[in-house]
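This report concerns only the one structure given below.
As written, the chain order gives the labels A, B, C and D, with residue 1 at the start of each chain.
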């Protein structure tokens, strides 16, 4: 497959008195060195225990994004055989509840990761095995044979995981990044990717930040987080623009 | 010195419909395993080139925080001989301008790190040496003999630096963290500290997030970032509370 | 449990003309911050495919060490509830055969890690699942409920694994290290432990280096590797000394 | 410059009863993604304090290798503008003498790194500054303007350094690796390079392992270490083969 032409957007914070603001351009991306990175694309509110933790409006927006943006994005990437890499919360047996990080999840987010991040089909010496509580991946975006799957235990998908080796061995230089939550696991994973030299692009309509109840009517924190990422880390695109770029490239084939 | 009793605050984001919100408690901290971590406490707007990049209102707030909060905090920590560790931007010769990260600094923040992060007193084989443009540490919070100084080249003070080794060798378990900008280098450094198991506390009045011009009247992004950190990473305290806690502990000496 | 007194040995390589050589001392170790680290304690020659890769004399020595040194060591550690941490080869799906490291395993060691390191009870999205070829842990030293298990894919048990977090969260400062092969996975894992500040001790009779056929009569490479480790990385002890130290400490109980 | 054809050698340790042994091949290397990595190419025995630590025969071999192999290798690489990257011991102020690693250097190697690894031209907040004791780089292989220089404090040139970022930003895929000591800093740096996916080649005549006095007549440990590296990590070449390959490629130019 030939390179595809992807419209991207970034933000300019300078000069300090009157920032230049948004800028758009179209960049050429070689599919041979490009992967889709899906961060925590699971439905935490699937079970009763999970539902209590998640705001209803947020959960509705999540479902809409999965159906209308994320599923078409992933389906399109599959048609041109881009590697699909899942980075997902999990519960490795590392005594996380003895750590300041585990304490924060319990005290501030209201759940115990060694219970809420259990999975049925993991090795029980290495992971906490059990029926899922939060980790339900919607069928439309579920991993398929040949996809890659990286389990993480912090917000950063590169922290003590093999994500970097996987990307190096696949020859990936460009990461098209989507998933949840934009201001937490997407942010830290995307940042580490950028620090490691990956050319990273956020799919801004295929993500959602955590929002306080009074921010939810306009998804203010999501908007602010996108602008922040476009300023400090990486340009953004949309699922529609990505799909159009791929389609155009396919149509241009001789 | 005996343990000191520090009031801290964290935020509870659950349950989703009506979060419990702020919570306060007092924790006991052993000074023998505690350090002060100062992130990018430099005055970027000192020179003409730097001034253009920074908003005037932000810069005034920066100076006020340095004088009224940061300087007293550091001075107090010195009286009880807590290690003071600076983590600071720098320009190691790693061809950063060939990287997506370097491109972002140039395109979105408006400066070239290999020029703006020069320092006069570094080894010129390893670093870009030259007169400073952004890196002016205010005299009130300048490093003194015996302090530690870690040079970084990303937003994350642990990324490819010796900060973790320094902390391990010093026997540090608790990090009192302050500096700039709260939503960038403080955030990523503090997060990595938490992922590495350090018991980290943000000094919320001794930091400032990057703010868009229309957010500056209320420092809305700073407030939102503090709430985010208190929710996802670490509790916060204030410089006044820290100073009072140390003073009380000193007074209680037999 | 009280601290136990462990005899250790290290080597002095200086002065250059006439090195001082071996030195012995007894150190006090707090069991509350001590773990047993077992590196690749599997019997690679269990299956027909594996048997061909391993020299018969080496394999006999392996079995003797497991029975006479490693099993008693682990059993003793269990009586005083020291954490037992396994670090073991595995086959995460990271396209290792596309890498220079995978090429070396294939070309120089004669096996494909994505086949030889399969396991039956792992998640098939993340690992290559299948009947074992090399990974047979002898029953006498098999992991038990409550033990910890870290899967690695290089010679270094810390490389892209959660071993460091596990140790930090357990409060471990001292690592009693044994397993195979001394000059490969034990060496690199032990070295990284030392670089990370862990107080590491090699159990020198509970390990074995890879040996060329003409070295096997005296296990010359094992002897040289032990001396190397005692010189550059960490002191050593023996399983007997460890067991005696623990027993003495238990007997001294009031 | 076109790819050059480099003869390499690796070792086959299988089958266990009668290993296949050495194998040679010629590989094509793209100079655009190739760098020279020079590990600790300094003359430790230059000063009186350093001389005492190093064996005289070893020191003579060191000087011969520098003059006859390393200097021509580096000079040749400069003619075709391959990046030259130095990785070198140093003394960052991280309280290394409080660590098990620092203890080993003091007890087993006979020196204090915070004294012996001082340099005159480093920032004194970050490094121990002072007249050199061990760190004397011979003039024939001294760094020149435009070379890269990475300071390390362990045996592993990637541990808490920016070496990986430098290589990524330069677009390096192939590392031609030489320096000292082969069984210590070369070994650990080369291993980490391989784990990170770099295509690494040891220049086996441009390195020397630490040798015990009774091994020095045949440099037995160097020979054994080369065979070990060729078995477990990376193929080897010689300085002559490298220079011939570059010369041939230059002559083939149209």
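Everything that follows uses one rule, which is that a residue touches a chain if its C-beta (ideal position, glycine included) is under 8 Å from a C-beta of that chain, and two chains touch if they have at least 3 such contacts.
Quantities reported herein were computed from a predicted structural model and do not represent experimental measurements.
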Across the interfaces A-D and C-D, which one involves more C-beta pairs in contact?
C-D
Based only on mean CA positions, could you tell me how far chain A sits from chain C in angstrom?
37
State, to the nearest whole Å, the distance from the C-alpha centre of chain A to the C-alpha centre of chain D.
40
Cα centroid separation between chain C and chain D, in whole Å?
27
Multi-chain contact residues (two or more partners), chain C
99, 165, 168-169, 195, 197
Name the shape of the chain contact graph, picking from line, ring, star, complete and other.
complete
Of chain C, residues touching chain A in the complex:
86, 92-96, 98-99, 102, 119, 121-126, 143, 147-151, 153, 160-162, 164-166, 168-171
Please output the residues of chain D touching chain A within their complex, sorted ascending.
165, 168-169, 195-197
Can you list the chain C residues touching chain D in their complex?
10-19, 23, 45, 51-56, 58-59, 99-101, 104, 107-111, 154-156, 159, 183-184, 188, 191-192, 194-195, 197-200, 210, 212-213, 221, 224, 227-228, 230-234
